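Shared between the two complexes below is chain A, which pairs with chain B and chain C, respectively.
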Partner chain A sequence: MKNIGNLKEFACTPDRFQGGHRLCPGCAHGMIVREVVNATDDDLVVSTATGCLEVCSAIYPYTSWDVSWLHIGFENAAAGISGAEAMYKALSRKNKLYNEDRNVKFVAFGGDGGTYDIGFQSLSGATERGHDFLYVCLDNEGYMNTGGQRSSSTPIGAHTTTSPRGRVSYGEKHRKKDLTMIMAAHGAPYVATAVPGSKHWKDLAAKAAKALSTVGPTFINALSPCTTEWKFKPEDTVEIGDLAVETCMFPLYEIEDGHKLTINYRPKNKVPVEEYLSKQGRFSHLFKPENKWLIEEIQKEVDRYWEYLQRREEAGV
Partner chain B sequence: MAERYELKQKEVWDGNMAASHALRQAQVDVVAAYPITPSTPIVQNYAQFLADGYVDGEFVMVESEHSAMSACVGASAAGGRVATATSSQGYALMVEVLYQASGMRLPIVMTVVNRALASPLNIHGDHGDLYLGRDAGWIHLIANNPQEAYDMTLCAFKIAENEKVRLPVTTNQDGFLVSHTAQVVEPLDDDTAYKFIGDYKAMNPMLDTKNPQTYGAQTEEEWHFEFKASQHKALMESPAVIDEVFAEFEKLTGRKYNRVETYKLDDADVALVVMGSAYETAMVAVDKAREEGIKAGLIMPRSFRPFPYNEIAEKLKNVKAVAALDRSAPMGAMGALYNEVSGALAANGQSSIMTNYIYGLGGRDTTAQHILEVIKETEKNAKAGKRVTDLQGFINLRGPKLSFN
Partner chain C sequence: MATPKEMMTTWDKIQPGAVLPSFEDPEKKIRSKFNSYNYKVADWRVEKPVFNRDLCIDCDFCWVSCPDSCFIVEEVENKRGKKQAKIVGINYNLCKGCAVCVEVCPTPIKSLLMFPEFVDNDEALKQWPKKD
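After this line comes the complex of A and B, so read on.
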């Protein structure tokens, strides 16, 4: 496993995801991807679901990827990487590997559309089959590549173009799907949540390193604050990610072997959810008098879930 | 190293078993598949070969056909020999990824057991799935019996993986009529079969990580057209390689295949275009017709894609009337074979009288007697020198007569 030292050292790792891509200024995807692909010294084969990352990083004749890279469709990043991994096993068994001296790791990236929704079956199948790969969900809580439609990851109350706020609507009506727990329920050896940024960069890089050195299917759900559709200033991406953790809207934890839960960060003083919500245009309508009840509901749910995580961790089962 | 499988000079195999042994002998590196009737036995047979040590590649039992073809794409791009099998609804679920496989120029081989498309649900043979994949950028080869299912599958690897082609290939056999009908098949021994196909020749493998590769990049209006045109060019130029492979196969086995197959066509006034198991039924009908003094003959595209336009036109040069028999619901048009053959004739300034018959949907029986009736109708057109029969008829359809003009 690669030792993740200090930031200066880590930042000097030869870049496998190069600049010059076309992600929005302030997009968290690039930060997450760079951390993940640089968290191992082994060679990589990467697959990417259709989405922001894919359309912005490999527009012919250019690419940002200095690793072997495959994009098939929106819903099959996990199936595609499972095929590549199977070929690696087959050629290894037949002594036909191309570079005997290199270890190869397999990573798939998908947005929440390609992971929570349309690609979920493919991810569930590849995980159940035990392929040796890391799947990273770049969770920006909506279909941002196509202009900000809702997904099953969109949090309740958020405005999206298909769950708009309106005269009689407070926006998204359903709770965010708990995909991390669903992935843990597959019995995957390692599942974790993460956020990019300055405060928790090491948590993300260490989790990626751990996942990549684990044999079997591993999953990281990385919150990816979206300046364009969450409606905050591009320079606030890191602050928004940190606030998601400090409010426990997006707690940092990991689950090993499908059951052993460890909370990786406990806010000293849990910040009220208003702090997180008020900084994003997608929630601005919740601060109208008629919608304030929903902020209270969101707070209650966040408190309940945080309590649940802590109890599960204590129980150690 | 996989165990050698001792085969007899003559085996009694159905089409599924024949295709399974061809996959085994190709020593495929990755098979990713999902079982569906009537191709399920191919997937089961392959699993058993693996369990008995006759295969040493990876067998990925995915959770859907969409993932089957997606895993095939990942595996093929990674750099090794890849195959799968499917039918009907499974084929339909794969369609999105079929286009992606061919667009990335991945030489995947898929043994298709043709079956009707729902709704209504039907597990029996017709060419609805084959026609669905018509424009997917794959080479489509047709096998009329178990021997051909075996032979075409061996040839498919050699065609697909040829560096001038590098396109995915399907081999097609009719559901149940071929897939579940046991006949004598003369297989090659394992070593000879593998030697014929040859070792897999890698091109731009992702697993050569010292030379990273990009598969599935985005192209918009500046490049998409050029990519699709070059893919089409590869298909249009693949006949040279298909012919080469068929010639080499003939040298090895004595079994001669052609991109256009014919039966008693040389002096024919009347010709039927038909592909699949019905071709053999039609041979019986042609013999009967000739006993009755009708100069009838048959023609079949062995490669449905690339479609052999000019070869078909050339062979139909002296034929007065042609009936194209399509085993797929035409849904608002003439059947695909009618359209392709009419186009081929028109392009070559030929004016045989063309009619279309729809037959055998969902496994509906089509007998030699039925086809003899079609020959007799077609002869009326030949004699009249113009079309005097319906443009589109239906063979062995129950209820009041249905036809379109």
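After this line comes the complex of A and C, so read on.
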């Protein structure tokens, strides 16, 4: 496990995810991926599901990855990485490894479409079989690569092209699926949530280092604010991520062995959700008089969930 | 043990089970000409960040929150003999001008500011806001 002390030491790490990829300016995917792949000194094997990250980091003939990298279909990033891991174990048993003295870690990246919806069966299967890998979900709350369709990660009230706002509709009608808890219910040894940015950088890097050093399937759900489809200015990416934590819309916690829940960050003063919603264009219709009730509903739901997390942490179950 | 150069052949010659080793020493790093590091996205931006070394306190917030890894870092030793990173500049080939680095800069007078693309860097440093 790499010792991540302070940012001055961490910044000496040579980057393994190079710039020059074609992600949007201010995209949080780049921040998350850089921190995760730099959080270990071991060799990495990465598989990436189809999505923004794969499309933008591997445009022919260029590649942004300085690690062994595998692109695989939308639905089977976890299946691909579990196959690579199983083959590596088999070669290791037969003493046929290429570089025996090195540790190798396996990481899969997927967007929220490739994790919450399409890739869920392969992720669930790989977790159940107990392969030794880390799955990082880059949760930007919709299919942003194809122009912003809804996914099961889209929060209630958000405008997307397939849940549009208008005279009769207030946007997305279903609440966000709680994938982190579902993954914890699989009995995975380590499951956590994270946000990018300078305030919570250590939280994300330490979680990635801990997940990589844990034997068994591990999962990190990282919120990735999307400047294009959430409709905010590129420079506000870090601020939006921090606000999601301060308002408890996206609390930072980790669950070990499927039951031991720890809240990693408690906001001193809980900010009302209006702060978070008003910064984003996709929620701008909620501030019309006829939709005000929905903001109160969201606030109630957020308070309920925060209360639930705190009680669970106290009880230790 | 195979060296990275031996392993970096064409895709059909890679041995089964070979994993690309990590490059701990940046100087030994081999980049192929198709690494996106050699690609230019400079024409995406209309405003560029300018870095003022005199005001920088080396907190490295900009390094960790830059999505395009465009901060050039030098490894130096501090007073206690520990290695630490020192920001020395910006790689303008990779910067897309998102201004996240300017937002996260914590110094009272920011050590990173956005200037229009046509302003020369030396000219920009002269226009820097002064303490009252």
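What to note about this one:
The rule is short, and it goes like this: the second predicted complex is superposed on the first by the 317 of 317 C-alpha atoms of A that agree within 3 Å, B and C clash if a C-alpha of one lies under 4 Å from a C-alpha of the other, contacts with A are read in each partner's own complex, and residues count from 1 in each chain.
Note that in this section a residue touches a chain if its C-beta (ideal position, glycine included) is under 8 Å from a C-beta of that chain, and two chains touch if they have at least 3 such contacts.
Remember, predicted model here, so these are calculated numbers, not experimental data.
When both complexes are superposed on chain A, chain B and chain C occupy overlapping space and clash. Contact with neither chain B nor chain C is seen for A:271 once the two complexes are overlaid on the shared chain.
When the shared chain is aligned, chain C comes close enough to touch A:234, but chain B does not. In the overlay built on the shared chain, the residue A:79 is in contact with chain B alone; chain C does not reach it.
Of the two partner chains placed around the shared chain by superposition, neither chain B nor chain C is touched by A:182.
In the superposition on chain A, A:71 makes contact with chain B only, while chain C stays out of contact range. Contact with both chain B and chain C is seen for A:43 once the two complexes are overlaid on the shared chain. Of the two partner chains, neither chain B nor chain C is touched by A:294. Of the two partner chains placed by superposition, only chain B is touched by A:129; chain C is not. Looking at the shared chain after the overlay, A:89 reaches chain B, while chain C stays out of its contact range. Once the complexes are superposed on chain A, the part of chain B occupying the same space as chain C corresponds, among 114-122, 204-212 or 258-266, to 204-212.
When both complexes are aligned on chain A by C-alpha atoms, chain A residues 43-45, 61, 63, 66-68, 87-88, 91, 96-99, 102, 104 touch chain B in the first and chain C in the second. The residues of chain A lying in touch with chain B in their complex are 43-45, 47, 54-55, 58-61, 63, 65-73, 75-76, 79-91, 93-94, 96-99, 102, 104, 121-122, 124-126, 128-129. On the chain C side of its complex with chain A, the touching residues are 1-2, 7, 15-26, 29, 34-41, 44-45, 58-61, 63-70, 73, 75, 78, 82-85, 91, 93-94, 96-100, 102-104.
Interface of chain B with chain A (complex): residues 29-30, 32, 56-58, 60-64, 66-67, 70-80, 82, 96-97, 100, 202, 205-210, 212-220, 223. Looking at the complex, you find that chain A touches chain C at residues 7-12, 14-23, 25-31, 34-35, 41-45, 57, 61-64, 66-68, 87-88, 91, 96-99, 101-102, 104, 196-198, 201, 227, 234-239.
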